[in-house]
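Chain lettering (A, B and C) follows the sequence in which the chains are written, and residue indices restart at 1 in each chain.
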Amino acid sequence: MPLSLIAEQLLNGLQLGLMLFLLAAGLTLVFGIMDMINLAHGSLYMIGAYIAAAVIEASGSFLLGIASAIAGTALVGAALEMTLLRRLYRRSHLSQVLATFAVILIANEIVRMIWGSQPILLSMPPALSGPAELLGFRYPAYRLVVIGVGLAMALFLWLLVTRTRAGMWVRAGASDREMAEVMGVDTRTLFTLVFAIGAALAAVAGALLGPLLAVQVGMGENILILAFVVISIGGIGSIRGALVGSLLVGLLDTAGRAFLPFLFRAMFPSMIAAEAGPAVASVLIYVLMAAVLYFRPSGLFPARG
Amino acid sequence: MTAPALRVTGLQKRFGGVLAVDDVSLDLAEGELHAVIGPNGAGKTTLIHLLSGALKPGAGTIVLDGRDITGFAMHRRVRLGVARSYQITSLFPNFTVRENLALALQGAGRPDDRDRALAELEAVGLGARADQLAGALAHGERRQLELGLALATGARILLLDEPMAGLGPEEAARILSLLEALKRRRTILLVEHDMEAVFRLADRISTLVYGRVIASGAPDEIRRHPEVRRAYLGEEGPA
Amino acid sequence: MRDTLHIPLRPWPMLGVVAALALLPLAALALGQPFYVVFATRVLIYALIATSLNLLIGYGGMVSFGHAAFVGAGAYTVALLMPAGIVSAWLLWPASLIAGAFFAFLIGAPSLRTRGVSFIMITLAFAQMAYYLVLSLRALGSDDGLTLSTRPSLGFVDLNRDAAFYYVALAILLGALAAGRVLLNAPLGRALQGIRDNETRMEAIGFATYRLKLLVFVIAGAAAGLGGGLLASLNGLVGPNLLHWTESGLLMIMVILGGAGRLLGGALGAAVLLSAEEAIAEHTIHWPLGIGVVLLAVVLFAPDGLIGGLSGLARRWRANP
């Protein structure tokens, strides 16, 4: 197995992991601070991708597309929080699940009414559509940029949460909301802000992954469930857990899909291997989740003590 | 000397950087009422969490009648005769008072007939409230039911976490007489802030400060103990 | 003595409803609308499945977002056994029940170690895993699923006749509801609701809550599996979409629509949702939008569902006639 193939898959895994982190970070904070399960986060990711696609189509500028996606989705996120989600904080988890599920249904239909059911095109910036030379092997330049942006955002988030006042409030809120309120933190504005930032991150992920995956109604839910796996592994409310979980999931899923069929074919008779390899690869991350939960039901880095 | 009903040795619990319970050892003799006092944050509730099985200790052992129950789940300890009550009332608000107690009987594996549930009700002074929803009770009555749930399990060792918390003088007196009636018939570990109650009820007192037992002995000894006085006079005004 | 937990038996209204349901196929056939017999049978089966989920959500406080996985387990069991030569419903349907129970055990055992938001996410993730697994296995038909050439045989009744299947499904549903009532009125049912209301305290008074939750989870999974087997038998067709998480979502909508924690909540919700879907889908392909809006309205303004709302109205009317 050529080294360059392994390296390529590892980089792909890193890329998926970092994009997952953008989604998981926003989600885990909402779960941790507001104790609210939010299914509509995937819809924000989808909206980000669609806005980016539309603006790029109209203007030809990828940067403008991303910027619009961020601004637009953050606005939608904040509006959603202020009108609907705010009322759900004190409601039962069942109510939260169903209300945000309703948002998914509505958002999907609205998108379908505007753009139809078929996937639409989100074109890569032409300058990045070729391969880049990396330590002796070639890797798509665009994916490299995605990794770069992902790392930058991870660093930015880490600094934001650990070094700033606002970040401290967020962490305080994640571990004990009532205490934070008693200490004078304006939780209402804080929550709207956390939501808007989460939405912006989701939009970045949506816009960046758009050229690589299909921009289509329902794209949000698939990645949302991956984000849930990440958060279950990493621990609710923990940014660090979200990062570790995302990288684990991204790498395991990508490497598993790439290498497991190969491994199976090498070890087992071909009939079974052809089927079993991809099948097992597709459930690897869930097995990982089950294993982590068996030893640590609260995840690897639970925010609450 | 007969073996203690409950023997705790070297119990330790750490939360992140904080040592909430630090090398705590104590004994509960059969029929004894052993009070645990200490300033807020001393680790008293954590101690009860550890003894009841809600938390696992980092180190130390808990031995019940010679049997090591340190790793046992909470419900198993109840079945073996160790039950607790909560400082912050924890009931079933949508069930009636009688149904609350019936659940406790059921959980402990005791026969769940109507008469027995009513008897438990009477024992805690809630006879008149049998058919009221637990959520509709007054605060004092909720504390009575809170105690009643622990009693109804039939456990011979009770871990009571501030049963008189937040009660006015009349309601507190009611709980106090309840506890006095329980003395000798059950073995009780009582965490309380109400010093009058503590000194009236306790056979022995242990004082917990910052997770450590700084003094343990008869009530008179504790009353005179210099470190205990320092701990309390340092925190509040003269006792 | 007041009993807030006991589910009463009201014979007359019950007989009325059962009589109406028994006459439904005859009415449909008389009106020249035989399609509605099959449709009504589907509603009955989903009533069974939604009731099993209601047991978990409404009575047990376990918001399981992966219930469709157990439906799928039962459905695929029938779809795999029939071509293998087993055509008797007396074997197929119990097999689908066992399949549902088995997968409920597999998924429930790790999931029930968590609570709250974690539990919801994890059941969702496991169910999605089942979906992807089914999708990727060619033996299960992958994307296209599996088809059956005939309905199972029940011996004395020919299930290929729609009206006969309808009555069999009705009997099964009524049996399940009766069994559910017995379970909920029994000590297990009380313990379950105690766990829903205050799980920590239940442990503190001696209940082995994890074991009890798992037991109920498996029972609910078994019933869902049976429902899946019935669906496969009715439609002659199973596909991976049966396990998609949106199916689980629809089941949850049925529960909250009808009334979580009410014996008939699941059944009523299934009837209303499927009927509404049928009515709206004829007019627009964007009917999920309507479902979404209605769902939002229910969650925000009528969280007790139809039964809760109706009984609230009845109570007020009785107080001020």
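Keep this in mind: a residue touches a chain if its C-beta (ideal position, glycine included) is under 8 Å from a C-beta of that chain, and two chains touch if they have at least 3 such contacts.
Not measured: the values here are computed from a predicted model.
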Return the chains common to the contact lists of chain A and chain C. none
Busiest interface, counting C-beta pairs, is A-C
Between the Cα centroids of chain A and chain C the separation in whole angstrom comes to 32
Report the inter-centroid distance (CA atoms only) between chain B and chain C in whole Å. 44
I'd like the Å distance between the centres of chain A and chain B, where a centre is the mean of that chain's Cα atoms. 47
Write out the stretch or stretches of chain C touching chain A in their complex. 57, 63, 65, 110-111, 113-114, 116-118, 120-122, 124-126, 128-129, 132-133, 136-139, 245-246, 249, 252-253, 256, 260, 286, 288-289, 291-293, 295-296, 298-300, 303
The chain A residues in contact with chain C across the complex are 31, 35-37, 84, 87, 91-95, 97-99, 101-106, 108-110, 112-113, 221, 225, 228-229, 231-232, 236, 275, 278-279, 282-283, 286, 289-290, 293-294, 297-299
Spell out the part of chain C that touches chain B in their complex, as residue ranges. 1-5, 187, 190-191, 193-194, 197-198, 200-209
Contact residues on chain B for chain C in the complex? 52, 54, 73-76, 78-79, 83-84, 86, 90-96, 98-99, 102-104, 106-109, 112, 114, 130-131, 133, 149-150, 152-153
